[in-house]
Amino acid sequence: MSSTELVQRTSAKSRFLITSARTAVLIVAAAWVILPLLFMVLASFKSVSEIFMDPFGLPSSWSFSNYKRAWDEANLSLTLPNTIIVTGTAVAASSFLSAMVAYGLSRKERKFSTGLYTLFVAGLLVPVHAIILPLFILLKTVGLFGTLFALIIPYIAMGLPLGVLVLTPLAASLPRDLIHAARMDGASEWQVFRRVVLPLLKPGLLSVSILNGVWMWNEFFIPLIIAFDPEVQTMPVGIVSFVGSYSTEWGLVFASVVVSTLPVVVTYFLMTRQFQSGLTAGALKG
Amino acid sequence: MASVTLQGLSKVYDGSAKPSLDHLDLEISDGEFLVLVGPSGCGKSTALKLIGGLEDPSGGDVYIGEQRVTDFESRDRDIAMVFQSYALYPHMSVFDNIAFPLQIAKVDKAEISKRVQAVAETLHLSAFLNQRPGRLSGGQRQRVAMGRAIIRQPSVFLMDEPLSNLDAKLRVKMRSEIAQIQRRLDVTTIYVTHDQVEAMTMGDRVAIMREGVLQQVATPDDLYRKPANTFVASFIGSPPMNLFRASLSGTGDKQITLGDQTLTIAPESIEAYPGISAHTGDVILGIRPEDIEDADLSPDTRAGDTITAEVAHLESLGADHMVHLALEAEQVHVGDQPQDQVETPLGPTSGGLCICRFSPRSKARSGDRVRARIATDNLHFFDPATGGALNQ
Amino acid sequence: MQSNPKNRRSSYSHLWFVLPGLAFFLAVMIFPILFAFGLSMTDWSGLGNDVSFIGLANYTEILGYWPYYRAALHNAAIFVAILVFQHTVGLYIAVLLNEKPRFMEFYRTVLFLPVILSLVATGFVWTLMLSPNIGLINPALRSVGLDFLALQWLSNPTSALGVVIAVTAWNSLGWAIIIYLAGLQNVSEELRQAAAMDGANTRQIFWRVTFPQLSPAFTALSVLTFIGTFRTFDVVYVLTGPLGAPNFSTDVLGTLIYRTAFGSSSFSSAEIRFAFGVAMALLTMLVMAVICRLILKVLRAREIET
């Protein structure tokens, strides 16, 4: 009999108490997270007066009128597609370019590789505040201002440091023989990359895409400066600027917030594992 | 189909003072199966990479047929390679792995399918075409790698220790399969291995390398019978050739003094050794284990072809008895012995152990003093200074 | 015989793969930062063409600029509070989850959820939760007789920063849990068993065996928290506005720089000093990079010892 078993046996009752206390901690923590969210979802179905009269109860009727109004008045009909297009394009392009850079830099013996790698990774430290106005001027000069590219292009570049950080070690760890074999089999450098390297970087690409995708979807500051026209805004800024004019219409506000978070949350529930491991992997490297 | 010619091929890696490959000259004729063999670090894999264009040579040239390909990309050399790790694409099915070179070459889909099926048929892979390589056994993966190499019908095959990741039984089987496929396809093949048994059984010719330098190229028989130096002598053959310091005397009849024993080369055998007719003094004497037998079992022993020594150790292999005789003579050790060499237990410090392949009928046992008969018409003599053979 | 050598792979061919990414990176990150550095040595307001070179004057001004220190102190307060919260509550919950309780997957999924929510959404949820009359907090306090605690949380200068901290904690707890959980899963079970054999009790095993092995997680989380809290912007902007209301009690570097460089509705455009704001952003970046290095150095050294 091991000493731990002995402890277990002698204190069955206190063990039960400990387990109960621990469960209580977990339940309180979970409630702390869930209740505000639940509250928000409920409020999004209620009228303003109903929120004030009965903030916790179920809505008297599950009316989607807040959502309908949010769709039009809070410009969700514009900003939701914008957010999808901007995030989707930027994530795909950034991941693809990161993989290319990673493959290019993975031959560490080559000149410049280490220096370039450090340069890319140092990009993680660059404060958006400092570069946003020069960026603004640049985008205006090249005529991209007022288009979705004004967000897509900065996002692509800002996704690179993380992508390079995560993917370069992965690319460097791919068996040399595989790349040699592909070259022997007649593949050009580009075909080696597309047909062999890129598919093998998939796990890393997924992590990078999730991490970058979440911040791009949620990014507030950059569009706040660069995209003030609803035509090219993404949802977080769209909602904040809408709230300025309708600050008491809580039901409407929360309907917008629910719409803006739902796609990420649904994806998260579908791919919880990948999100958690992807985000952790990215964070631990960073 | 093409020959391969290497001219002064050299490779010095950055930060290394010694060349990994030092002026390798080699001609491999069309359809030939050439084995590059040597201990690890001898430059054989480097040579293969340079031929394949996976690395750039520091000097020298590679020709395929008449074409100088030194500056060609791997993909432009019309070469296929089988890697030690197989290098199968883990994200593709077996079908796509085999078809990959054809897909890259944009061969018509129906044609690809037909050729893959045919190759799969020969390699007994038809049942696995839809699986990923990760689910296959070692032998099956090896076959897929072969399939990917042969489907293109290249002019040259390069094989880099393709069998070293298989277990012993499978290795023997695949050895003959690869040899058969090569004979049937008649494609020039350069095969790298550290295993002298593979080298001897598979190659039309075998090139032995050591520390970047080519030691000898010859047919397996010639390598065995006429090793060019002590390194080749001890590398080829298992157990390896016994090498002892000895001295030669006499002008007509040659006397060999081996420690406290003396051997005499019979006058009728002398002409087998043109290289030593004028030589007296120190030599390295080489005797193959199978050229020593129990004198009690030999009907016609002469005084000059026997030695007497104590049996230090005996290993019975069933068909043979490996007898280790303790000789009062200085044994010569050549560095970089092959890994699968029979281990010699520590012998008497003053002398060496001479391994003999006795018939199992021999009554010799550990601790006995026995008389052993040496085939004096099949000895090997090497220059003690250079290690080069004296009997050419 | 130099017969038509095909385009040989040069030692620079890998650069072709780097080039497209590098082009984006240079255009969007490197060029603007150099540009910004140049601007920070001018007195440009951000509007008009009135620019003159003033050298490092902006930087020397920051050294005596009280709002900068005030904002930095607020960031530091948030950092310390969140750091403590994550290394205590976060670690404790991770340890609980590592024991594989029932519904473990559920807890983990839920507790990580806020991480993927935008700070804007988080800010709105908590604005409502904390609003004086509706919301969850005040009615709950009143119902248990703690009326005196029911505050105008966000308009009270003493509680507003606390709210910012609480909301940040809500949003980032998931990180702590998931990072510590990953760390715990790497802790050698054998070592713990060996310690148990040696007679250590549960508490001793945790502090003497398990916790030291969590130091990589501790390091990563601390650095992550540092970078995150000193970049705080969205939460404050949504909860208390760009002025860090009330009375700048929640003003952080992010809002200060934003306000200085781009103005806010309450500021007249005359008070916008773009170049000064950029100088603050660059100085902050520099100081953060140095501190980050320092934290890593200290914590990594500790990792090697253990």
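As written, the chains take the letters A, B and C, and residue 1 is the first residue of each chain.
Throughout what follows, a contact is a pair of C-beta atoms (placed from the backbone, for glycine too) under 8 Å apart; a residue touches a chain by one contact, two chains touch by 3 or more.
Note that this is a predicted model, so its numbers are computed, not measured.
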Which chain, with its centre taken as the mean C-alpha position, is closest to the global C-alpha centre?
-> A
In terms of mean CA position, the chain most removed from subunit B is C
Using mean CA coordinates as chain centres, what's the subunit B-subunit C distance in Å?
-> 63
So how far apart, in whole Å, are subunit A and subunit B when each is placed at the average of its C-alpha atoms?
-> 58
Inter-chain centre distance, subunit A versus subunit C - centres from mean C-alpha coordinates, in Å | 15
Would you give the residues of subunit C that are in contact with at least 2 other chains, written as numbers and ranges?
-> 9
Residues of subunit B touching 2+ other chains?
-> 73
Report the residues of subunit A in contact with subunit B in the complex, numbered from low to high.
-> 109, 175, 177-178, 180-188, 191, 195-196, 199-200, 202
Touching subunit C in the complex: which residues of subunit A?
-> 2-4, 7, 19, 22-23, 25-26, 29-30, 32-37, 39-40, 43, 51-52, 55-56, 97-98, 100-101, 103-105, 107, 110-113, 116, 119-120, 123, 125-127, 129-135, 137-138, 153-154, 156-158, 160, 164, 189, 193, 214, 217-218, 220-221, 225, 236, 239-240, 243, 250, 253-254, 257, 260-261, 264-265, 268-269, 272, 275-276, 279-280, 283-284, 286
Contact set on subunit B toward subunit A in their complex = 14, 49, 52-54, 73-75, 79-81, 83-85, 87, 89-91, 100-101, 104-105, 148, 152, 158
Tell me, which parts of subunit C touch subunit A in their complex?
-> 9, 11, 13-18, 20-22, 24-25, 27-33, 35-36, 39, 46, 89, 92-93, 96-97, 99, 101, 105-121, 124-126, 128-129, 133-136, 139, 170, 173, 175, 178-179, 182, 196-197, 199, 201-202, 216-217, 220, 224, 231, 233-234, 237-238, 254, 257-258, 261-262, 274, 277-278, 281-282, 284-285, 288-289, 292
